[in-house]
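Paired with chain B in one complex and with chain C in the other, chain A is shared by the two complexes that follow.
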Partner chain A sequence: MTQKGHLAFLLPLASCAGAQTPLAPAGDQAAGQYSLLLLMLWVCGILYMLVLGFLAMGLWRLRRGAPAGNEPTLETPSDAVLGKTLWIWAAIIVVGLLLLAGASFLLERRLAAAEAREALLVRVSGHQWWWRIAYRDPRNGSWIETANELHLPVGTTARIELGSADVIHSFWVPNVAGKMDVIPGRANAIDVTPRRIGWFRGQCAEFCGLQHAKMAFDVKVETPAQFAGWLALQARPAPAPEDAAALRGMEIVTRGACAMCHSVRGTSARGRPGPDLTHVASRRMIAAGTLAMNRGNLQGWIAQPQALKPGTLMLPVTLEPRDANAVAQYLGQLK
Partner chain B sequence: MAEPMERHWLQMPCRHILLACMLFSMPTLPACSRESRSLGPGQPQTPPSGFADPRITYFEDNLYQTAQGGRYFSWYGCAACHGTEARGERDLIAVQLRHSPSFVDVYASIAHHRGVSFGHDGMIPTEQLWQLAAYVRSLRALKREQRRRQDLDQAGEPQAMSWSGTVR
Partner chain C sequence: MTATAAGPGDSRAAQLRQTWRDPPGLWGFLTTVDHKRIAARYIVTTLFLLFLAGMLAMDMRLQLSAPGLHRMDPQLYNESFSLHGSTMLFLVSVPVMEAMALWLVPLMLGQRNMAFPRLAAFSYWLYLGGVLMLWLPHAVNITPDLGWFEYPPLSGPAYSPGHRADIWAQMITFTEVAALAASVNVAMTILKLRPPGMTLAKMPLFLWAMLVASLMTIFALPAVMLATSMLIADRLVSTHFFSPSGGGDALLFQHLFWFFGHPEVYIIFVPAVGFVSAIVETFARRPIFGYAAMVLSVLAIGILAFGLWVHHMFAVGLPRLGNDFYTAASMTIALPAGIQIFCWIATIWGGRPRLATPMLWVIGFIITFVIGGLSGVMTASAPLDLQLTDTYFIVAHFHYVLVGGAIFPLLGAFCYWYPKATGRLMSEKLGTLAFALIVGGFNLGFFPMHILGLWGMPRRVYTYPAGMGWGTLNLVATIGSAVAVVGGLVFVANALWSFWYGRRVGADPWGGPTLEWAARSPPPPHNFDLVLCVDSLTPLWKKELTAFDGLALDRREMLVTTVMEAEPIYRQNSVGPSIWPLMSALAVTLLFVGSIFTPWALVWGAVPVAIALTFWFWPTRARASTGPLGRRR
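Then we have the complex of A and B:
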């Protein structure tokens, strides 16, 4: 095998640690499901080893030679003990299944009990192919909108209300929460209680069209103080442009095509079909995990979204190079 | 005794059912090509060059492109004046049926839309103008149920400056 071959062999192990795996839980719900997974592995593993063990034993006994002449039939098994062991075997299976069903029942109860501790309400809506995210401001009950980046305070239970604007999606943040389908016409919700600070990755887990694979989002678990600061920043209107180029960019964004699909709070851009751009530069990624957030990628995205995410519902807007530059300059300042 | 078990499938007892299934599914095959989509950059960046522009036939015959046009029709809030079923202050279906304007005309009346603030040139990306025009042209052939179905499908989607939230 070549060296590359060895590496490919190791590939499945890569999912054992990292920002998108159920095997490194960072929240109550994920931890509960992880222990259920371990229990399942043990129960099924032990039964599997038993089956293989008995198979090996049978083969070994066969090789030693069965007594010739009296071929065993179904009615008269060659081994009288077999009749009795069969009952024991059935009992083992029933006990294993009862163990799994019981543990899953208890876990469900624990997941549902989190409802009493909800302290934060977030609405996550699936769109082809990005996530609209809105926080209810605890101070005045208004909604603060952002996109593709979910921030959660550590140790607090957040209720995430899920809805879809178009087709079925699925909300999946394996490290922190489980998975919950996002279904048009149905009000689903999931509780999450993160316990470990860090960046995690969420991903749409239900095929929803061309760019399903590029429908991801970042999840940041942070201290309650950091979270409060972030939320206060998101609630503010967009910062004013800092230089002449950005000013020109703002004019194009608010008077041109962009404003028909995007909102920049504090300006006249109030379109709703696309992600809110008020603090777009404060995010880590562009277009639902497609590109890292930086000036070059922003400009590339505006010039040719179809080249970077073929089929995306944002279409290229024809801009003079100087204007494209100005727009990117402006968006880059929307921290 | 028994004859050999090898039989051609056309001699099997269920052959009638098999044949019927094949016959009935055949007409659906050509429909797939009407859904085919060309993605990525290099989509139309210029308006139609004339009545014979080959892109016109492509857009009008392609279900994906006309459906996208229908979607953007609601995203851009066209329904506010033209009604959710494209009837309203200005009934686009009636115009289509009565005057049957050409693709080039429809394209131009969206790109240089009269009386509405977003009618300025350059406000709607070119590719979308093609899709919108193809959708408006397809209206006269769309049955009432089909238009209604589209409204239901898009009930959770934003319309211009307003969005009433996902379908619950």
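Then we have the complex of A and C:
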């Protein structure tokens, strides 16, 4: 398919928001879907123009003189020609549909064929309202957990196994591939083959309750070497606190309410309900794509989660200003 | 023609009027079984709800008009879209089509009432119960907040405590029982009460459309009632139909829901096919082109509609080969729909079209609906749908289909039959203005949503971050919606103004071809003084209309004919006004409302229902001694 030629007319549409759109494909799956979309637009556009043209010409006949009174016409000589045209029209529709259905089947086959090239396994599970993400440690095969930020090596087909901890969600990174629902009690998976390096954005696409709108995640497609480095970093336990304030922060996190829900590997914080914080500062965003990662947002999020993301299951923790500062200091060092 | 139908003598008409009229005052209001009065209150209720749902939509559009707004919190937004969707699908679109059928079918058949007059009254009262079931709790802030689909496990007991989800599920039961009752009534009326000579092959397309839509309703609706009843059982008595941890399956709900949900779209669209056909025929001043092709298309849609529900579930991870089957089935439906579009345009082409507001709506319908149909072909492709589903592309698609494909023809039908119902024409000037505002505003408001969807904006989000680049088009969409709402207000103002000040017209202001135009405007309680005979698709376009006498004047009688050939077989007593449909609806309401609190309501609630039904069906006349219903000796 001559994709570049078509690309030109949709490019202004795509340029506006590049990180979360099927119009700027950065993976094999999304590229196939984009080509099919263009074919669809052409075929459907032509059919629509035919309908409009026929309607316009039919109405144009109004101009050929006012109706003779209000008397209905019971004899309609033009019907023989129109009857033949109906067959032609039906044939055009059938050909168009066969073309589109055929292209659709071929794309479906291509999507299915990616299964044979799977070279990386990632587990993603949807939670109200964040994403748990787990990779195999290449050294010992154990699972390494992170949250809300998916890293993928470019040019590698990754199998993403989808599980839900609560209700139905839908995993969607439009630039790389289509969506796949995350359904409790079902083992769904989706293959993604990213081809372009960069940051992309994914978002939950199935209504999952109060904060469905703020259940996004970042996707970083990087070179295999960068990916291996990142994975090695994630596999390490949390770094030790660098200063006294951070040390105080670590004590509050591990002995206080935080550890009920969060894990920081290498410390005694082993809570499971919430996102793993071992390398939280290495991520670009916090609160499932809601806030940029920086010291101010971190401290604000700890103090007032309900104000920033009303309904979030993260409980507000009342801390003295000095302690809140210490916690943010500590978490900010968890690179 | 009008003179024939008006009958030979005024005294005769007066006697019929006396026989068929309702008791005066409030008692008459509560007991009426006049299909026109029931349909009118149905239509007024749906239009009022359409207004409320439109206000909810405007509220949501304002919230989305710029990124990161705080005028609505997520709870309020979720309640709003749930209420908007549930109201539009269950309380407006389907009931309004049934209401139009209740009003039109007997008139178009030259009949005096529906086959089951009290069932029609019961339908309305129960539907009203469903309306109150959803909107009274809203007034006290117990609004369902999980969309118009309420997928478990989100709607299950673990994630939705309280009664919000129950209220939604039981509202479904209300409206679906009402819709089933109305559909049985419409189908029976069309099959058994056709005028002599109106064989199936000479039945106007509107009646074909309503027959098919009614049969579809009868087959589709039990699925959703089953699904919501199972959901209530999960919530109330801890069954595990849909909870994976208890061995249930969350997808079972989706299958049942969409087995209803997809035919639902066509249950809404097929009556619109009937409206458009009737309007095109009258205003093109010629019989519809390709009658047989149109009938076959409607039947094909009615059958195919049951074979493509899975296209709502392409992203749930079903086997790919199965998905491909549903892709093919879904695309196939474009063929009958495309043939219908062709036949309408060909009718315009081959006739001498006259433009008036009903015809304008048909043109607006074609221009808008075809876009919705074509975007439907796009989403029918399983692999492409993985990008499109649950985005604003889908929001755009189904609004183009439902508003463009059903609401526009409905508004056209409203203008078209308004003089029949009121005896006055609607203002053409205001009508044209409303048309321009609504069609223009709608397209301005909803076309950008296709692009927003392709830019990655998911559905059902109460806000979005500024960096996504969705702000401008959302603002355009909000402005367009506001224009359309203003147009809607102009439309209502026109209807109200014309009710008192519109130009008075006689029985047949447009020169329509079908029997309803032979009745007086507005029709008297008995509709027609005589029994009309039909020998073509456009009986009123003949020089003469045959009519005969023979039904009783002093009691309510109707002529029953055979299903295929419409040959007269017997006269049937038609029941008169009764309070018991209302009482039965109240008893059923008690049972339904009670059953979201305790399962015992099903047991004790059945007692008042049984009492009310017993009085409803209490025999009031001696059995026939002759004819097919006569006692065997």
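Some points to look at:
We take it that the second predicted complex is superposed on the first by the 300 of 335 C-alpha atoms of A that agree within 3 Å, B and C clash if a C-alpha of one lies under 4 Å from a C-alpha of the other, contacts with A are read in each partner's own complex, and residues count from 1 in each chain.
Quick note on the criterion: contacts are C-beta pairs under 8 Å (C-beta built on N, C-alpha and C of every residue); 3 or more make two chains touch, one makes a residue touch a chain.
Given the structure is predicted, the values throughout are model-derived calculations rather than measurements.
Comparing chain B with chain C, the partner in contact with more residues of chain A is C.
Contacts of A:Pro22 after superposition: chain C is touched, whereas chain B is not reached.
In the superposition on chain A, A:His212 makes contact with chain C only, not with chain B. Once chain A of one complex is fitted onto chain A of the other, the partner contacts of A:Leu82 are limited to chain C, with no touch recorded for chain B. In the superposition on chain A, A:Pro184 makes contact with both chain B and chain C.
Touch criterion not met for A:Ala113: it reaches neither chain B nor chain C. When the two complexes are overlaid on their common chain A, residue A:Pro316 makes contact with chain B while staying clear of chain C. In the superposition on chain A, A:Ala307 contacts chain B only, with no contact to chain C. Shared-chain residue A:Asp166: touches chain B and chain C both.
Common to the chain B-facing and chain C-facing surfaces of chain A are residues 166, 184-186, 210, 310-311.
Residues 73-75, 78, 146-147, 151, 153-154, 159, 244-245, 248-251, 285-287, 289-290, 293, 315-317, 320, 323-324, 327-328, 331-332, 334-335, 338-339, 341-343, 345-346, 348-355, 363, 366-367, 370-371, 374-375, 377-378, 381-387, 389-391, 451, 454-456, 458-465, 468-470, 511, 513, 538, 541 of chain C are the ones touching chain A in the complex. Of all residues in chain B, those touching chain A in their complex are 37, 39-41, 43, 45, 71, 75-76, 118, 122-128, 153-154, 156-163, 165-168. Partner chain C is touched in their complex by these residues of chain A: 13-14, 16-17, 20-23, 30, 32-33, 36-37, 40-41, 44, 47-48, 51-52, 54-55, 57-59, 61-62, 67-68, 70-74, 76, 78-79, 82-83, 85-86, 89-90, 93-94, 97, 100-101, 103-105, 107-108, 111-112, 128, 166-168, 170, 172, 174, 177-181, 183-186, 188-189, 201, 203-213, 289, 310-311. Listing the residues of chain A that touch chain B in their complex gives 125, 163-166, 184-187, 210, 256-257, 260-261, 270-273, 304, 306-307, 310-311, 313, 315-318.
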